[in-house]
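Each of the two complexes below includes chain A, the first together with chain B, the second together with chain C.
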Partner chain A sequence: MRGRHRFAIPFLQYLDTHGEVDVPLPAWTSDIERLQKLYEQMVLARTLDQKAVALQRTGQLGTYPSTLGQEAVGVAIGLAMQADDVLVPYYRDAIAQILRGMPPENILLFWGGEERGSDPGGASQDFPPCVPVATQLSHAAGVATAMKLRNESRVTLVTCGDGATSKGDFMESLNLAGVWQLPLVVVINNNQWAISVPLKQQTAAQSLAQKAIAAGIDGTQVDGNDVIAVYDAVKTALDKARKLRQPSLIEAVSYRLSDHTTADDASRYRDQKELNVHWAEEPIGRFQHFLHTRGYWDEAREKALQAHCRETVDAVVAAYLAAEAENPEAIIDYLYAFLPAALEEQREAIGRKAEVLNGQENPGA
Partner chain B sequence: MNKPGLELSVPDTESVTIAEGTLVEAVTLALRYEMARDDCVVILGEDVGVNGGVFRATEGLQKQFGSNRVLDTPLAEGLIAGISIGMAAQGLKPVAEIQFMGFIFPALEQIACHAARLRNRTRGRLSCPLVIRAPFGGGIRAPEHHSESTEALLAHLPGLRVVVPSSAYKAYGLLLAAIRDPDPVIFLEPKRIYRAQRQRIPNDGQALPLDTCFTLREGTDLTLVSWGAMISECTQVANDLATRGISIELIDVATIKPLDMETIVTSVKKTGRCVIVHEAPRAGGVGADIAAQVNEQAFLELQAPVARVTGFDTIMPYARKEDIYMPNTIDIQSQIEKTLNFS
Partner chain C sequence: MRYFNLPDLGEGLQEAEIIEWNVSVNDQVEVDQLLVTVETAKAVVEIPSPQAGAVVSLFGKPGDIIHVGQPLVEFAGDDGESTTVVGQLNTSATEAGEDVFIIGAATSDRGRRAVKATPAVRALAKTLEVNLNAVRGTGRDGLVTREDIERQAGIEEKLGPATPLRGVRRFMAKSMAESGASVVPVTLTDDARLASWKKGEDTTIRLINAIAAGCRAEPILNSWFDAATRSYRVRPNIDVSIAVNTPDGLFAPILRDVGNRNRADLRKGLNRLKKDVRARTIPPTEMIGATIGLSNVGTIAGRYANPVIVPPTVAILAAGRIRDEVCAVDKKPEILPVMPLSLTFDHRLITGGEAANFLAEVIANLETD
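Showing the complex of A and B:
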């Protein structure tokens, strides 16, 4: 092998941490409604998220992973993808799923302990949120392989956290995307914490985007709290995958303002001072400042939006709480396309046991 | 490439009947037949393309169907299983090869956490019609990690089918069934008998039933239950005993997950005696489950305890000592005699 290769990782940021701009904005930002929608959806995401946490605290929801502070990443993905693209999400992508057509109450159903909550509604080929870290990367590479083999112009987008980049599945999938030139976009939501492990204990690499270099694909780092930058990077990557069949990796640098999940207590391992610094850089405040400065937003709109979000979330919670119980046999009915003869007795036993449990819960019923 | 559900008609050249073939040739034949019939079938794995697989199970397929249908993957078993799941969710029918079962472990997370669960966790919206083929078992003097029988690990997982052919004819029909099955199937090929025997295989695209035991030989004195390569030893013992007037009913389990206990229990109720033979270690083996279910369902008809002839609960030894580990005809015959003489 001859020669030495030099690489650079581009960093994309339009809004600084105060929401000020001193670089030319991408052309699509002339679409003011799009900018407003990005903002509105971030606010909706946060309202729904905080409601989900409240539901968990009051015993009405199971363990839930908050997306507080990472709204820009989910909203950008949800709005940038086409309907027939496929999203392969990890477990912090609620707003992206909702923007692709998932009834929001399904997010609550999923974390409330119902398999039905993984139903994405409109985008029926999307995957359910993936809990085993990084395993979804190779599903996405497989979906993208099918798209490529069929010569389609659709794109697969997969998300993961910063912790996932330490796993083999991440690198194996990136590697394959390079070798097979798959229509795949990988977005790392680098919120800088994998439960209690900070990024510097996850990797010695200067960026996560540079992991793309080893796979021979493009890697870009973006300010993950700058929704213009994230949207622009995702859109560019989707276009490149769609038109040129080239994969890419985006590292969206954000920050997890919440605990890992409602079962976690970040004060055990994270300094409040650090948290304060990052609160000052969160995505919604800075984008609101930008919109105000440009005259695209005002108090009246903000008031109306807040009311709309409250009403929407109340309706979502009502729909969640009113969801009819699934029949107990569902726990075995979807195991195979057809119930094997060997399981018929167990299916009957499930029904009987559910009746007994139901009788214990409702004596006299 | 067609959308899911669309199938190509079978080319005339495929309707030939070959007179004889080995088990590994039967695998190739089934793959070729189904690839011609259904263009959703895609083969992938390490060395499966140009090289035709290290055992030549995919020989000639890339040449015939092209590199979009037979994909040489990077060397990463977890990835092979993972992308198969993504492809299957898109309606393709991936048939992935794991080069040896000893290397299936990186893929186990994908198999257990995703392939087996995708239909259930999406309430039927997405499914996973994939096949993962892997040669398994000992007896070919292979290096470390090339001889294990860990089918019980897979058979424990709800949502999977685990299928083990015992002959060329079975391999052809069961592999066709596995590919056509709408759910994930682990297809374990007993490599010790890959080339042991040539058998007549009508290349007619006829699948054999899954979830069904095959009664290879009817008998009245004892039910002998096994699968895979051990069927050869069991057949030999049953033949020998027949010359002494002992009548063995030999059952080839074939699909070890889910288990067709009805066939086994019906047989044991008739014979009153049951011996299970498997190459895998004894503890937690599939034989334990079969024995437990026979006890549950045929207790009053049993005239002797259900017995097992298995590998030892130790690491598969290297080649020089593998004969000590492997169950053989003497082990099987002596257990059968003990069970027959039990009183």
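Showing the complex of A and C:
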């Protein structure tokens, strides 16, 4: 049988699983400071992440989704985007949000149940993390449509997990991006697990990137544990969206070394042997080996970085714990530019209940 | 922080089981050092230390259930609330123990978990000091709403707190309500003339013998009835539940196979049951599986009664206080000891004729030597 069209999905990898390189590196890697920053931010991401888990375990934070093992994806996105681009994150993008200008304590405030935790800080046009699965893809297609209508040279970047690619929203958004040629970059953090559903039960497709083909847009698979590859792929896709108005899909193949969230226990459904294999391929150790080999990193720098990360995280936690509790009405305050009347009633009712809860008013009265 | 209390480790979890302590008393621990491994309904979770300090005490052993909000670890410090907190822990353990005695379940707080309420409503109840267990939920599927809590708080402010039913009395309320909601009871009364009784006759054992005689005449009264399938099973053995009154409430231990045992053996068995009930050491299995009931109400006061049938049984006999009464004997007045009897039967299964035959046989048996 002869087809009229043939397709291939490129796989981008510069560092192999041991951090060795046997292909020419992209030109931007001559910027050593940039490489060092990629590393430093991955380490900060992990330090903050593990502290957030500890805070949850000690009753000081709500349910929290760890990004353990997926630091390369968030750091690459956070550093590759331009200030006026729009990030539409899902719930494993803490470090990307921080690199875009969000005060790190807002991450803790968000998972501590505070509306202020949605405040993106510097990049105030960014969206808050989307916890419902895949809905953010439609939002992002809308944002990208607005950019196109306004003839702006900005790009929308949206993220999702592998589980989201089975949802209608995902294909609808890709389709729209293709048909309307939207300045949209979709990054899948394929960490191989949708809570307890492994990728092989998620899809029969050989890759998630090939889903782009049906929408008529470019799809690339990258090694999500190779921060150079992820950064390069994201940067290329952003440039293409900015200059050529062409959308693209990136599948970053990572691995979720953590539980799905702190309310999960992956040992109930995941083989420890599988986990051990992936620990040997995680992104930070691999990149550190590369930097060492090139002479861009040493023991003294590592010690200083560890100390800096600890201090930073301690300060972030202190700021989080010192934050005064928000008024409960805040759950409504940021939903609309102009509050509908029905919600105004609800808002008042919430205020009254809050006073009762705080003991300022007698409920029998 | 002197006490580190068990946090909610998932989303709305109420308790966790201790799997393993990773520190010991007197250990000096660092922030985020592993303290204890616990298992919740959802996950095995490693809990790190929220602070640095010396461990003064660990609350609970591996296998113990700790409720959210109860202390896990005490650190050295100068915040002297020790006795209050420990006292709360003990109270909770005692309550759980009481429930075990009645329902035969493993130690747990299932009763507490059975209350359906959102975290916000639970928080409101806590603030207003309303006992969630005492609130009837008016929401969907019995969900306790904010309004329920506020109404309850208002009532308690006006009338003071209500006494919640506990233990045996709580179980009594439940089983009586179930009976009332299903059984169609008819009570038949008559007297037995005890002219032939000798001094010191063992009333309870005589009644048990009489029930056995009644069951032989009308075995259908010794049945289990299943209303849902409209079917019944005549039971081969006669296992009589005997109401025993205690200050804590009504118990009904079971004397087994009364049709095939002699009086001395029955008395020995009955004494043991009563002793176990009073000492509260009777195992729950000794109160399950009766085929017919006996209530000897006459030991205190009362003549006739309408005793309550506990499904799936279909009959219960009550004996009132024995009194001397003028009776017509051979057309002449004679003073005889008389025992008033009340037989309640479930008319869904038993006919009036069957019940009357049973009662006649009971009376005949009591009136022989």
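To be clear about the criterion, the second predicted complex is superposed on the first by the 332 of 365 C-alpha atoms of A that agree within 3 Å, B and C clash if a C-alpha of one lies under 4 Å from a C-alpha of the other, contacts with A are read in each partner's own complex, and residues count from 1 in each chain.
Everything below uses one rule, namely that a contact is a pair of C-beta atoms (placed from the backbone, for glycine too) under 8 Å apart; a residue touches a chain by one contact, two chains touch by 3 or more.
Model, not experiment: these values are computed from the prediction.
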Partners on chain A (chain B, chain C) - clash or fit: fit
Touched partner set for A:Arg268, first chain B, second chain C, both or neither: second
Touched partner set for A:Tyr334, first chain B, second chain C, both or neither: first
First (chain B), second (chain C), both or neither touched by A:Ala83: neither
First (chain B), second (chain C), both or neither touched by A:Arg116: first
Which partner, chain B or chain C, touches more chain A residues: B
Contacts of A:Ala300 with chain B and chain C, given as first, second, both or neither: neither
Chain B versus chain C as contact partner of A:Ala322, first or second or both or neither: neither
Partner chain(s) touched by A:Gly59 [first = chain B, second = chain C, both, neither]: second
First, second, both or neither for A:Val356, with chain B first and chain C second: second
CA minimum distance (chain B, chain C), superposed complexes, angstrom: 14
Interface residues of chain A shared between complexes with chain B and chain C: none
Residues of chain A touching chain B in the complex: 86, 88, 115-116, 118-119, 124-125, 127-128, 132, 135, 137-147, 149-151, 156, 168-169, 172-173, 175-176, 179, 330, 334-337, 340-343
Residues of chain C that touch chain A when the two form their complex: 4-11, 32, 42-50, 120, 123-124, 127-128, 146, 150, 153-154, 157-158
Residues of chain A defined as touching chain C within the complex: 51, 54, 56-60, 63, 259, 262-265, 267-268, 353, 356-357, 359, 363-364
Chain B - residues contacting chain A, complex: 1, 42, 68, 71, 73-74, 76, 78-79, 81-92, 94, 106, 109-110, 113-114, 119-127, 158-159, 181-183, 211, 258-262
